[in-house]
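Taking it in order: structure first as C-alpha cells, then the write-up.
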C-alpha cells in the first residue's frame, strides 16, 4: 500500500481467524492503514484483500454495513443524545427504524449505559463515551467489530469493565473482534490471536499461546528480610552450586539449565534451607513486550 | 403443587438481525432526514429552533396575508395577479431565503467535520460521494420549505377562493412552473452555500461568507453594469438575482432584466450551481479524515 | 511477625466525623506544597480539602478519570486559582509570581501545539519565552532528548500523536525546570516510546528535579518509582510507597495463587497451620487468601518439601499497583 | 535525597518586556496569516474601491462620496477586518488551548497583549488603508477626502484592533459579539441619538472625515481633537483591561 511518499504497508500478508485479534505495533507502523483497508476506505496499491468473504475495494458499502467500527478519536457531537447517536448510525447501516430503535437501547444496556442512554454525549465522561462507541459498533448486529484503541484514556477500573464487555461480545454473541492497543498486557489478557506490525511489515503473527508462553527456565522473586539479610544471597549461592545458570536482578533470580520441574524442586530446597521468603515463583514466560522490544525496537528509527 | 414445567427464561439480550438491510439508498435517506431535523431544531433544545421559525414565518406571512385578502374582500376588486403573482412573490421573501441558506448548509456540513460524525459516516455504507448526495438532498429539501412552500400556499389559496388559474391543464401547468422555480432556486443556493460551508471549519465564518456573497454580488453587478456601464450581460454574475430572474422566465414574463436572454439567465444559474458542486467535491475529495 | 520497616506511607486520618475533632493539620512545605486546597466549579466539587507536599524525585499522581488530577495540576501552575487553601511551588504562588513561572514546566493533557511552527522553531520559541541564554542550541538539545532530532524542520501539525506528545515534553525541558508537571504524558505512545520516556523521567528525577506525573498505565508508572499520591472524587486517598500502602491495608486479605502437584494436600496443611483465612481449589492450583503474607512466604517452601509436593507457581494476585489503586478507589 | 539540588538562584530569570512583545508579535502574526482569511477579507474590502469607482464614474457629488467612504469604508470594512484579525489574535490561541505557551512564562502580561494587537494591526492596516483610500481616490471628489479617509482609517484601525483584541481575550465567541457590536450597536442603536453615539467608535472616525472634508454628516459633530484623542484613549484602556483580564482568568 503506497501513500504519496511513504510506503505504509509493505508486502503484508496476514490472515485473521475468528475470535478476538489484537493488532499491535509502534505508532505509524500501519495499524490504522490496515484497518482502513479492511473497511474499504483505502484501496491497496497492489495485492488483494478479502474481509468476511467480500472484497472491500469493490463491495465496500455492503461490507461496511456488516462491520462495527470504533474510531480512535474521542470526538462526538456534544448535544446529541447517546441513544439517538446509536439509533441513527444503526439506521444508516440499513436497519429499519423500529429495529434500530430497540437495538440501540439493547446495545447501550449491554455496555452498562442503560440509565444514561438519554443523556447528551457532551455531558458524558471519557469512559462513558468509549462505551457509547462500542454500543454503536455492535448495535447493527455486525459480524465483525474493529476497535481502534478502545481503552485509550480510561482509568484502570474503567479499562477492566471495557475489556470484560469486549470479551463478552465475542464469547456470548459470537461477534469477531479486531482491536488495536498500545497496552500489551491488555492484549495478552483479552486476545486469542495477535498481529504485530513494524514499519508496515509483519513482525509476528500467531495465537497468543504461541507468541507469549513459557520459554524455559524459572523466575524466583524473594523478599529482603531484616532478620535474615543474607537470605537472597544464600539461595542464589546454593542454586548455582547445583550447577544451574542463575542471573540476579534486584531481588529476582532467573534460573536456567535444567528441566523446569527439577528447577522448581531445587528452588524449594534452596529457599527452605536459607529460610528466605518467596514473593513470586513461576516459569519464565515470554511476553508481548519481549516480542515488541525485539525486532520492533530495531526497526524503530 | 408442582409447576406445569413450562417455565422458561427468555434470553432477550442480543438477537441476530436476519432481515433485509436497506443499503446505500436507506443510508442516504436517514442521513438526509437527520440533517433536516438538525437544521429545523427538531428533537433539539428550543434555542436551535429560533432562526428556522423566524425564517419560515417571514416566508409564509405574506402568502397568508395575500390569500386572506383575496378571500375576505368579496367580489373581485383585487385581481389575484395584482395582488401577487408567483414570480413577484419571491421579491417579498428573499431575506428569509438568504437567511435560511446562510443557516442550513453550515449546520449540515460544517458540524459533521468538527464533531467526528463525518469519520463515523464514512465507516458506514456511505462514502464521500453518497454522503454529499445525502447532504445535498437535505439542504435542497430544507430550502424548499421557504422556496416551494409559500407559492404552493398561494396557489391553493387562490384556487379555493376560485381565483386560481382556469381549467385543470392551466392549474397543472402553474403547479409545474411553481415546482420548477422552487427547485431552481433551492439548487443554486444549496450549491453555493454548501461550497462556502466546505471552505471553512467555523460555522460563523461560513454563514458570514454566504451572507456577504449574496449581498455583495448585486452591488458588484450594479457597479459593473451601471457604474462603468459595461455590457449588461455582466449582471449574470449576480447569484442573488439570477435565480429569481429565472423564475420570471419560467412564468414567461420579461422579469427585471429583459435585456438578458432567457438562455443566458438559465446558463448563469447552471454555472453557479455546478460551480458550487465542483468546489464541494474538490474540497471533500482532498479532505484527510482524522479517524 | 518481624518488625516491618516503619510505614513511610500514610492513609489520611479517619474522616472527622468518625473520630473526634482532628488537630489542625500542620502547614506542609516542600518543592510543591498543597495546603487544605478545595476547588469548586459552580456546584461541582472538583477538589475538596487536599493537602500534600512533593519533593525531588519522581512522584506519580493516580486517580480515576474526573477525580480532580488535571485541576490539581492546573492549580500548581497557577492556570486556575484554588477556591480555598493555598498552593506554593518552590515557595512562591505560581499564579501571581512572575519569576517562579520560569522554574516550572507543564506538559498539558490536551493535544495543543502551535501547529504551523516546525518542531525546532516551536522549541526555540519555548526557550526564548523562558529567557534561555542560547535558545537554538537548547532547542536542538531538547529535540535530541526526545529522539526527534531528525524531524526538527517538519511542521508540528503533520506529526503523529506520539511525536506531538514528545514535542510537548521537549518544550517542558528547554528551561531546565526545577519542577516538572506531566499530565498523562504516556498517552498515545507505543511501548517502545513509553520505555524511553520513563527512562527520561527517571533521569530528570535523579537530577534533583521534582517530577510529578499522572498516568493510567499503572504498570508503567510502577516502574517510575514507588511514591504515589492517590486522588479519588476530589479527595486525597493515600500517599507514600504503594507497596507499603498494600501492607497498611491489613483489613484486606492478600490473594495468592499457588501452583502445586497436589493442591488438595497442600491446602489441608496450610489450613492446619493457620496460614490462610480462605481458599479455593482447582485442578492445578490453590487460590489462598491470607492475612499473614510474611509467614506464608517464609514457610511455603519448607512445607512443600515436608509433605513431598512440588511447588510450581506462587503468584500474588493483588499487591500490584493496579490492585492497590482499585481497593483505594472502590467504594470511595 | 541526591545532593545535586538544582541551584535555584542561577536559573530564576525573566523575559524583558521588549523581548516579550517581539516574541508574541512573531508567533501571533504567523498564526493570523492564513491564506483563506486574508483572501476572504481582501475580497470583502474590495467592495469599498468598487463602489467608490462606481460613484466616480457617475461623477457623484462630494456629499455622496464622503457618505460612501464613511458607510462602506469606515462603517463596514474597517471594523469587520479589525474584528477578524484583532479578535483572533489571542482568541484563536485561547480556543486552540495554546495560550499556555505564552502565559506560563516568566513574562509580564501586558507585553503579550501589546504584541498580539500589533500583529493584528500589521495585517489589518494594509487591507483597510489601501481599500478605503482607494475608494476615496476613485470617487474623484477631491476636497481632502483622501487625506481624511487615510487619517480616519489609521485612528479607527488602532482603536478597533485594540478593542477587538480585548474581545478575543475576554469572550469565547468573539466573532458573534464583535458582529453584534458592529452591525447592531454601531449600525442601529448608535444612530439613535447623540448621547448613545458618544459610545460608538464609528462616530469618531466619521467626525475626522467630516473635519477634513467640510461635509457635515448626521451625528458626526465631534471636534478633531476629541475625534482623535478619544479612540486612542479607548485603545490604551482596552489593552490595559485585556492585560488585567489575561492574568485573572482561567487558562486551559
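Order as written gives the chain letters A, B, C and D; numbering starts at 1 within each chain.
As a working rule, a contact is a pair of C-beta atoms (placed from the backbone, for glycine too) under 8 Å apart; a residue touches a chain by one contact, two chains touch by 3 or more.
Bear in mind the structure is a predicted one, so any value in this text is a computation, not a measurement.
In this assembly, A is the chain whose CA centroid lies farthest from the centroid of subunit D. Comparing the chain pairs B-D and A-B, the larger number of C-beta pairs in contact belongs to A-B.
One simple way to say how far apart two chains are is to compare their mean CA positions; for subunit B and subunit D this gives 37 Å. Rounded to a whole number, the gap between the C-alpha centres of subunit A and subunit B is 48 angstrom. Note: centroid distance subunit B to subunit C, computed from Cα atoms, is 56 Å. Chain centres here are Cα means. That of subunit A falls 23 Å from that of subunit C. In subunit C, no residue touches two or more other chains. Residue numbers of subunit B whose C-beta contacts span two or more other chains: none are found.
Taken together, the touching pairs link the chains into one ring where each has two partners.
Pairwise chain contacts present here: A-B, A-C, B-D, C-D [touch as defined]. Contact residues on subunit A toward subunit C in their complex (touch as defined above): 25-29, 125-127, 152-159, 182-185, 223, 225-227, 260-261, 264-265, 267-269, 271-272, 275-283, 289, 292-293, 296-297, 300-301.
Contact residues of subunit B toward subunit D in the complex are 199-200, 202, 204-205, 208-209, 212, 216, 219-220, 222-223, 226-229.
Those residues of subunit A that touch subunit B in the shared complex are 32, 35-36, 39, 41, 60-62, 64-65, 67, 69, 71-73, 75-79, 84, 88-89, 91-96, 99, 103, 106, 110, 136, 138, 140-141, 148, 172-173. Touching subunit C in their complex are the following residues of subunit D: 1-2, 4-6, 8, 11-16, 19-20, 23, 26-27, 30-31, 96-98, 100-108, 247, 250-252.
Residues 36, 40, 43-44, 47, 50-51, 53-55, 57-58, 173, 175-176, 179 of subunit D are the ones that touch subunit B when the two sit in their complex.
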